[in-house]
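You will see chain A twice below: alongside chain B first, and alongside chain C after that.
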Partner chain A sequence: MSDGPYCPPSSAGDVDAGIDFENLFETAPCGYVLADKDGRITRANQTFAQWTGYPAALLIGRRFSDLLPVVGKIFYETHFVPMLHIQGRFTEVALEIVSAGNQKIPVIVNASMTNEPDGVIPSIRFTLFVSAERRSYERGLLAARNEAQATILAERVDSELREQFIAVLGHDLRNPIASIGSGVHLLGKEALTDRGRKILELMGGSVVRAAGLIDNVLDFARGRLGGGITLMRDARESLEPVLRQVVAELRSIAAGQRVEAIYAIAEPVNCDRVRIGQLLSNLLGNALTHGAKDQPVRLEASTDADALIIAVTNGGAPIPTEAFEHLFQPFYRGGDKGASHGLGLGLHIAAEIARAHGGSLTVQSDEAQTCFTFTMPLRQSASD
Partner chain B sequence: MPLEESKIILLLVEDEALIRMHGIDILESAGFIVFEACNADEAVIILDKHNEIRLIFSDVDMPGSMNGLELLELAHLRWPKIRLLLTSGHRRLKDDSLPGQGKFLPKPWSEEALVNKVRSLLVA
Partner chain C sequence: MMFAHGFGCDQNMWRFVAPAFERNFRTILFDYVGAGGSDAGAYDAERYGSLQGYADDVVALARALDVEGGIFVGHSVSAMIGLIAARQAPELFSDLVLVGPSPCYIDDGDYVGGFSRDQILELLDFLDSNHMGWSQTMAPVIMGNADRPELAEELTNSFCRTDPEIAKRFARTTFLSDNRADLGAIDARVLILQCRDDVIAPIPVGEYVHQHIPGSELVLIDASGHCPNLSAPKATIAAIKAFV
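Let's turn to the complex of A and B:
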C-alpha cells in the first residue's frame, strides 16, 4: 500500500476491482480538466471536450482562463486563483465557458491544487458541471420571488384603496341617513295612526343602527389608514346628557327588551363625549343582540374618586371561553346565532375608544350575567 | 322668555332639505324666527338684506363658492356682532378654531342640545 494521498493503482488491479479508471476519467458525467500551476491545461477529458466542442488535444497548452469570457476571466484572476492558492481548493463557483461555437455554457466549477510530497510540480484539477438547468431554476426562483413581492405590493395598494373607498362611502352615506333621521323626527310631529307611529319608531331605530354602523366602519377604516382614533376631550360640558341620549336611542331599537340605567356621575369628566357615547352605544347594542331577550340590559355609569366607570350587563348564556380572546378583534362575531349580526366592529371600536382615553374595557361572563366594564382614570397620569 | 325670544331671528344654512326642515322645526318650536339658506352664497344675500339676524347656524360641507366655515369667517368680518354656530356630521371642529367665539355642535343634534347651544351663544 502506498502512503501517498494520490497513488494510481495499476490498471490490472483496476480491472480486477471491476473499475476502469481511465474510462471513468474520460467519460465521467462531469468535465475534468488538469492544469499546471500556471493554469495551462495539461489534460481534459472527453466529456469536457464534447461539451465545449474543442478536441481534447487542442485544449492542451491553452490557459484555462482563455476559455472564459472577459468578466469570468477577471473574476478568475482576482478571486479564483488567489483563493485556490490560499485554501488549496475553491468550490461551487458559477462560471461560463466559451465553447468552440462561441456559446457561453454555464458551469459550476470545483478546483483543487495537488501538493505532491515528492517535489512534483503542483498542478490544478478542475471539475466542471454544466448548470444550465440549475441556473434557469435559480432564475425561476428569483422571478417567482419578484412576482410574489410585486403581488404583495399590489395587494397592499389594493387594500389601501379599499379602505379609502370604505371611508368615502361611509362619509357619503352619513348625509342621506341623517336626512332620513330628520324626516322621521318631522313626521313624528304629524298626526299619525298607531300603525304609522309604530312604523316611524322602527324607522327611527333603523336610522340609529345605520348611523352607528357607519361610525364604526369609518373609525375602522381610519384606523387602518393610520389615522387612529382622535379625541376631543372637553370637561366643560357634562357627559350624562350624552349617555341618556344614547340610551334613549337604543331603547328605540330594543323592540320590547328593557334597558335600565343608573347614573351617578360627578361632573365634570374630562373625556370626548361623542366618543364615550359611541362606546356606550356599541356596548348596549352588543348586549341587546347577544343577551337573553327576556332579561333587562343594565347600564351603570358612575364616577368614584379616581375613575369613570361605565358597566353594561346582560343576562343569558355566558360567552364561551374560546371566544374571549377574539372578542375585541375586528370582524369577530359570536358565531352561535347563525344569522349575521353586523360587521363585528362594535366591541373592537369600543376597546379602541377606551384605549384612546387611557382606560380599559374588560369583560366578565358567567351563568348569571355578562358584564362589559369601561374604566377610565379621571386624572391624567402624574407625568403629564 | 318666549315673548322676548320670538323677536330673535336666526339664519339656518344647510343643503340637505330634510335636515334643514328639522332644524327649522326645532328652532321655531323654541320660539325663534328662522330664515333659511341652502348654501353659503344664498346666506350672504340674506345677510345683506337683513341686519336683524342675530345668529348663523351653518353646516360645514355644502355646494357653492364657500363652505360653512368660510361663510362664518366672512360673516365675522362683515357683521362682527352676529353669533356663530357651526355643525357637521363628519367633521369635528374645536370651538377655538372658529371665528368670533363661535361654537361647534356635532350632528346629529338632539332638540335639547341645539336649543341650549343657541341660547348660550345669544346670552354670551
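Let's turn to the complex of A and C:
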C-alpha cells in the first residue's frame, strides 16, 4: 500500500519537518478512499474504516457505490460519476454511507479524478466528512422553507378568495342601490311635505355616497385581482358637464357646507370622464369630511398648454406630517374622530386613477389650507 | 446523428463520444428543456410530466433540422424517449442506439426494474438535500465573476446545472414512468448497449428490452456503471461504429 498517491514526497524539506504522511493519511480527521476508474476501492484510511465499521481490508475491491443506499446509488450514477468525468471533480455532495452495522452515516463527499496528460483516468480520490449535525440543520432549514412556502400559498388562496368575495359583493350591491336611487328620483316628483322633501334629499345624498363607496371598493378589489384600473378614454365628449354633475351630487350631501367651483377647461381632454368624475368625487368627499365645516371647499378645474389640473382645497387643521406617507395607501383613515367616514379607499383610488392617466396626485397642507392637485399631461405618450 | 442525454446531466454527457462521429456524420447535440443551457422558462410541468412531451421535442427538433433516416443515440431515459419519437415519426430515424435503456425502473410482479416505488420517492427528497449545497455555489455564477472567471471555475460544480424543482420533476417523470408498452416491433434498426454492474439499468433489464424489440441487437460493453459514454468512451464509440 505504500505506493498510494498520498505517500510522502521524498523531498528533504518534508522529511525535516518531521511530518509522518502515512500516519496523516491513516488517522486524518476525515475519511480517505481511493478507487480505480470504475470506482472500485483500492485503499481506505483507518478513519473511514472506523466510521463505517468495515475493516479496511474488507473494503478493497468493493465499489464505492456499494456503500451507498439505493437512492445514493442512483444519484451517484446519474450525477456523481458524470460530473467526475466531465469536470474532473465533484464537491460538497451530501451522501449517506451504509455502515457495517447497517446504519446510514451522513457525509459530505469531495471527489477528484487524477488526470493523466494522455487522458487515461487512473484513479478516483474521495474525501469524506461526517456531517450528521449539519445535515439535520439543513433538513430543518428545508422543512422550514417548505412550511413557509406552503403557508404563503395557503394565505394567497385565502386572500384571493376574500378579494373575490368583496368584488362580487360590491358588484351585487350596485343594483339595489341603483333601485333606491331611482325610487328617490321618482318620489321627488310626488307632492311631498317640506319635511318629506328634506328627508328625500338626505336619502339622495346617501345613495350617492353609497354608490361612490361601492365603486371604490370594486376598483380596489379589481386592482388586487390583477385587473387594475382600466380606462376608456374619449376626447370627443366634454369633461366639464361630468365635473358639474359630481359637484352637484356632492353639494347635495354637503349638509350646509359650501362648495365653490371654477371651471376653465379648454376642451378636448383625452381622458376617461367617468374615472375623472370618480377622482373628483373622492377628492371632494375627502375635503368635505376632513375640512373645516365653516369654510368652503373650492374646486378649480383648468387646463393650460400642457396639462389638465384639478385642484380641491379645504380649510381647517393641516394634515399631520406623519400621515403624509400613508395618505394614498388603501384603508388609511386620517384623524379618526370616532365616527367612520368610509373605508379609506377614496384617496388611494384617486391616486390610482391619476396614475392610470399618466398623471399625478399631490398634496400640500399648511395652517391656511389643504390642497389636493391632480395633474394630467394633455399630450399623452404612446403608452396608453 | 442525434445524441440525447439522460437524467442528471446535459449534452456534456457526449463530449467524449460525439466528436468521434463528426467526420462521417452531421452530429446534433442538445439539452432537454429544463436541463443544461436550455431556457428553463420554457419548462411546462404538464408537458414534461411524461416522456411523450420530451419525445415531441425530439421529433420537432429533428424535423426542424431536416433529419431523415438519421441515427438516434439516447442514453438512459433518452433511449425510451427515442423509441417513442421513432414510433411517432418513423421517417426521422433509421437507427436507434439505446445506451443503458430501461422501460420501467420499478419492480412490477415478475418484472425486475431494480427499484421500489418508495425508493424512487426517497430519491426526490434526496435531490433536495443536494441542491442546497448547489444553490449556494450558484451565487458566484449568477452574479458573474467576469473579472475572475477562475473563481467560479474553482468553486462550483459548473456542469449539468438544473433548476432544483425541474430536476425533481424530471426525476419523477424518468423513474416513475412505465414505458414497457412502447417496446415491440419497430421499423428502425435497434442497438442496445448494456454495461456490466449498472444499478440503474441492470443486465436483466437490457435483456428484457432486447427480447421485446424483435430484431434488436444487444451488445455488452466492458464498462462499469451507468455512463459508458463517460467512463468507457472508446468501447462505446467502437460498439456504435460497428453497428452503424
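FYI, the second predicted complex is superposed on the first by the 232 of 384 C-alpha atoms of A that agree within 3 Å, B and C clash if a C-alpha of one lies under 4 Å from a C-alpha of the other, contacts with A are read in each partner's own complex, and residues count from 1 in each chain.
Quick note on the criterion: contacts are C-beta pairs under 8 Å (C-beta built on N, C-alpha and C of every residue); 3 or more make two chains touch, one makes a residue touch a chain.
Since the model is a prediction, treat every value here as computed from it, not as a measurement.
Asks: Regarding the shared-chain residue A:71, is it in contact with chain B (first), chain C (second), both, or neither?
Replies: A:71: touches chain C, not chain B.
Asks: Would you check which partner chain A:38 touches, where first means chain B only, second means chain C only, and both and neither mean what they say?
Replies: In the superposition, A:38 touches chain C alone.
Asks: Could you say whether A:63 touches chain B, chain C, both of them, or neither, answering first, second, both or neither?
Replies: A:63: touches chain C, not chain B.
Asks: With both complexes superposed on chain A, which partner does A:53 reach: first (chain B), second (chain C), both or neither?
Replies: A:53: touches no partner chain.
Asks: Of chain B and chain C, which one touches more of chain A's residues?
Replies: The partner that reaches more residues of chain A in the superposed model: C.
Asks: Using the superposition on chain A described above, determine whether A:211 touches chain B (first), chain C (second), both, or neither.
Replies: first
Asks: Could you look at A:140 and tell me whether it touches chain B, chain C, both or neither (first, second, both, neither)?
Replies: Neither: A:140 stays clear of chain B and chain C.
Asks: Quick one: is A:181 in contact with chain B, with chain C, with both, or with neither? Answer first, second, both or neither.
Replies: Once the two structures are laid over each other on A, A:181 reaches chain B alone.
Asks: So which bits of chain A does chain B touch that chain C touches too?
Replies: Shared contact residues on chain A (touching chain B in one complex, chain C in the other): none at all.
Asks: Once bound in the complex, which stretches of chain C touch chain A?
Replies: Per the stated touch rule, the residues are 6-9, 12-13, 15-16, 76, 115, 119, 122-123, 126-130, 132-133, 137, 157-160, 175, 197-200, 223-227, 230-231.
Asks: Quick check on the complex: what are the chain A residues that touch chain C?
Replies: 37-40, 63, 65, 70-75, 77-79, 81-83, 85-87, 90-94, 135, 138-139, 141-142
Asks: Hey, which residues of chain B end up touching chain A in the complex?
Replies: Residue list for chain B touching chain A: 16-19, 21-23, 25, 89-90, 92, 94, 106-108, 110, 112-113.
Asks: Give the list of chain A residues in touch with chain B in this complex.
Replies: Spelled out, the residues of chain A in touch with chain B are 171, 174-175, 178-183, 185-186, 189, 211, 218, 232, 241, 245, 274.
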